[in-house]
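Next come two complexes built around chain A: one with chain B, the other with chain C.
Up next, the complex of A and B:
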């Protein structure tokens, strides 16, 4: 008996060790990634959080001073330029991303019907997505140029000289629209790609069933295709919304935030505070406010996406 | 269905190709010309230093024609045992790039080119090497940049901080008026002007004249101008109305009032009745300018004149050189130059010309090759400076006495007499000079001013609202940066302005 117990005990130790190691192994495997992630994500985040409570003006050379929540108070209540930039960004998000979703979905539906040449058209469509935004901005600066731009030349030719010399980037009424048009040109194909991928994964039998039931093309689109696509579209839109909050390059190239500040986006204004004025504490506070806003927007989208996915599955 | 597919293919291909391939770079100058090193004048005597042991000197500056001298004289540097590495940054990004590297202590640059309004920021934070000891080194012909020859505004304001020399001027910027003298001399135009306004047609003396003459020369396509039928719209004047430096064209209109940015206690003086009137004049002038003028920076403003689209502009003093170069100008021989219009004060016209931007070179305190870096800076700022400021292939402007003594070096002008006349006008412009804000925080103060000037130009604010907002923001900036310290720095700047003869 004693011998058996001893043998069992001897066998139990390695088993327990094996179990312990098998539990530890995944943790040890993940640990380096966690450490790296903490170093590159958490540390900057915490460092930036610390900056938000400091007044640190690099132009003066004074050491940083603790000022509590004053930077946040200034962002939220004393800086109309911040809210103007937020409003401009809001317009670009609401209208610009909306247009990208509509155009992208429309192109994807048409592309999905193509039997030949789809790969070619898709490749051509994706060229704008592959161009660096700063280059896209430069191209549109040329296209929209009042004196040399092809757009005004075409308008002049097509309207027999009635519409001439329109100042796309210098007229405060249309400058934000010009920025938006550039962004839409560049990113609508991304929405096409996302929606096309969604379309190609739709179960064909549902559309066949709708056809058998006598649904017209439009009815099938409205009642079957779009509801099934909605979760994919929502994710695509969310990606674009988050990206538009960071819209900088195109504004930098096209307008520099002008005329006045009608095209100043929140990313551009943050850049000015950080890298032109070197107000580090204030820039950090602005960044955190933006982070909170983007997180709330993302949560709303994700919540909606879950709902529509549930609805689509049900 | 098949039609749809083909149509879609065709439309997509056409759109993408049109927008990606069909947008070659538009000309920013009338014609691109091969950049050649100017002919060496040998008007300045200099010698090579004892050969360095193959050191690399990193030079940073704003991209484009103002870095051309390093290309012109690329054969000189190896003879001194120096390899030059150029780091180009965008015009608007010079300060942030250099400041970021300085703060990070990266030691990435040896020679830094920057706009002198930032000398207070860079020198007071210890980013720059004081040059006084280097300038005294012997032999004189190798090391002395002859600062006594530099015009006082640049020597005192651009180069010094707290009594020490930290930088050497390479570009002495000031504004001047440039106009189409052929239009002003045309008898039909003179008669028409006399009939309309009851006075002789002449280049504007005051800013009110500017509006009047601008309105007179603004014509529609199909109308007559100097006996020719216009094949496109023509405009009386144009402005730098884009974000960035539009504030300087407002200051041109305000400075003659004799007011300064702040009083002794740093209370902003920017929203006085004279300032509001000046901004109103700027806003009104846009009626006589091309419709996209709010998008005009230096390039667009220069091209509007050199392409023959406008009658007059206020611009930096390098533009006449470009206007005399047939590879860059369609109006060669048809440009006249004069003082920036002024204001009538006590029955006399007082002229002031803004001195925005400018360029200096300095040695970074973190440089590992300070002596070599100093020689490179001195070689560009002194030894080869006459060649660099006299060619139309740079945007660098005269800044030393010697630059005025050799009109023959300005070979783009048809005759030496024409070049001499240009230099006389530049001398007048410099005598009218009005400085930027030379204290740490200049970027913030000037951005706030530029933003609201631009909002007034865009019709977002009235001139009064705009300048009241600037005053409020300037007060907040001063408080944030430390009022007492800013007052001290402002007094120091005022002193420099006085020594340079820019204020009384």
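Up next, the complex of A and C:
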């Protein structure tokens, strides 16, 4: 179909200039975008690559020095803080995105049962998804305030003083949980949206057939609905994995990486190295490691995207 | 449709009610806080409903220090940067999307490269951009943020619009070309009007992405340009935090988002999954 448009045009009007137009126009049409994208993405990429082999500490005033792969050696083998940040990010990705998927899918299944007002409820649930993460962080900073916040008050009042709240943002035992809660609050509705779209594209006959065959609600869910939804859930999860891997705004607004380093994510640590400690070469090496991880996940996403588009679901 | 027992329907109702309370309470709390006086914020037990719903905090927040413009400057800068990046991304992205959709220009690899630039960790591009903008004396300008945000908005526009164009039957454009229109004419006068709803949705998404963006705004600007996402955390960092006023800025900052959550509903799945799920 793609080339047909050009060929038919050429066949109908066999003038030379029409043929030339049809070959050149499509290229001219992508040119501005490709030039702009190359300038703003390839350039930083190459620049980053160049930086990775340099020792360039702005704070010392020494000129940049070539040090080969030493930055990578340091990142991967000598920097416990990098691995701490990786581990924190890993927890946020594994547990946080997992929770988003479970809560989101559960809500989508319930929402799908609703006969009236579904669109309204969904719109309201999606407000957290739409607002800026930094504003979400600000909201949770007020709610989690250990002295004046409503959460600790409600915990106290509803349990008649039997449950004591935490200093959520200052207690190392729960601070990462607080960051995760904010992210889950913000993005679980996104999973609801995605799964609901998948549910509504499922053929109704399948579920009816399962019911005729005597499947209980739970069996139908486990054996029919969830397997059919799986590709859509995977797409949603991959989008969230990529975003959560870059989590920065919420950490910045909520904890600043603290207490100690317990909520420091990889994006936040990279920011500190680059814009607080001004270790340019080292920051570039860390950025590059993240780029590799993201690229791998993105490839999986693209693979699934093709499958979902080509397949039956959504 | 199967019939549900009343008990099951009650469960559905209760679950969704609990979900609404959970997901809306933080937003509601910010709105309530934006009307509280400082003693009301620091009261225990916490004040849920403020005594007065006067707009004092909003008026003061718009005139915040350091330069007495505060919130108002945030609104202005967020608007300029979001609109600027949206316009550039659409102008460059829409023709490219059409070319990808109809002619597979550059093959699958080129279009996947475009999409993969969208996945770039912003912290990786922030440092090179910072150094370049510094040498061009573009730090702390609207242009710096417009360019930086376009890194993400342009691939988004291309990828999303490509999907909308692909959904369109090609016959109408073919007929127009046979009638003597150029390919660009077929794009502009036939295809573009037909994807108008998708185009508007894509534009609004771009606007919101930039409106919400934080890291570039933090790293590439200082005082001349301060978006709303910068103003809120900067006010929480200070010694004496005027929570009511910060909350007022926060409420102003989420008004467009809430409007768009309602307006964009048909396109939300598609926009937020980069077109992977069509809904």
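FYI, the second predicted complex is superposed on the first by the 259 of 314 C-alpha atoms of A that agree within 3 Å, B and C clash if a C-alpha of one lies under 4 Å from a C-alpha of the other, contacts with A are read in each partner's own complex, and residues count from 1 in each chain.
Just so it is clear, a residue touches a chain if its C-beta (ideal position, glycine included) is under 8 Å from a C-beta of that chain, and two chains touch if they have at least 3 such contacts.
Model, not experiment: these values are computed from the prediction.
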Given the touch rule stated above, what does A:116 touch, chain B (first), chain C (second), both, or neither? first
Looking at A:277 after the superposition, I want to know if it touches chain B, chain C, both of them or none. Which is it: first, second, both, neither? first
Is A:255 touching the first partner chain B, the second partner chain C, both, or neither of them? first
For A:197, using the defined touch cut-off, is the partner it touches chain B, chain C, both, or neither? Pick first, second, both or neither. second
Report for A:62: first if it touches chain B alone, second if chain C alone, otherwise both or neither. first
Check whether chain B or chain C contacts more residues of chain A in the superposed model. C
Could you tell me if A:139 is touching chain B, chain C, both of them or neither one (first, second, both, neither)? both
A:167 in the overlay: touching chain B, chain C, both, or neither? Say first, second, both or neither. first
Report, in rising order, the residues of chain A that make contact with chain B in one complex and with chain C in the other. 107, 110-111, 113-114, 121, 124-125, 127-128, 131, 139, 142-143, 147-150, 185, 275
Using the touch definition from the top, list the residues of chain A that touch chain C in their complex. 1-6, 8-9, 12-13, 21-22, 25-27, 29-30, 32-34, 36-37, 40-41, 43-45, 47-48, 51, 106-107, 110-111, 113-114, 119, 121-143, 147-150, 153, 157, 185, 188-190, 193-194, 197-198, 200-201, 208, 211, 232, 235-236, 239, 242, 245-246, 248-249, 252-253, 267, 270-271, 274-275, 280, 283-284, 287-288, 290-291, 294-295, 297-298, 301-302, 304-305, 308-309, 314
Note which residues of chain B are touching chain A in the complex, please. 1, 4-5, 8-9, 12-13, 16-20, 22-27, 92, 95-96, 99-100, 103, 121, 124-126, 233, 241-244, 290-296, 300, 303-304, 307, 309, 440-441, 443-444, 447, 451, 454-455, 457-461, 480-482, 485
As the complex stands, chain A meets chain B at residues 55, 57-62, 81, 107, 110-111, 113-117, 120-121, 124-125, 127-128, 131, 139, 142-143, 145-150, 164-172, 185, 255-262, 272, 275-279
Touching chain A in the complex: which residues of chain C? 2, 4, 8-9, 12, 15-16, 19-20, 22-27, 29-30, 33, 41-46, 48, 88, 91-93, 95-96, 98-100, 102-106, 110, 112, 114-117, 119-132, 147-148, 150-151, 154-155, 158, 170, 173-174, 177-178, 180, 182-184, 186-187, 208, 211-215, 218-219, 228-229, 232-233, 236, 243, 246-247, 250, 253-254, 257-258, 260-262, 265, 268-269, 272-279
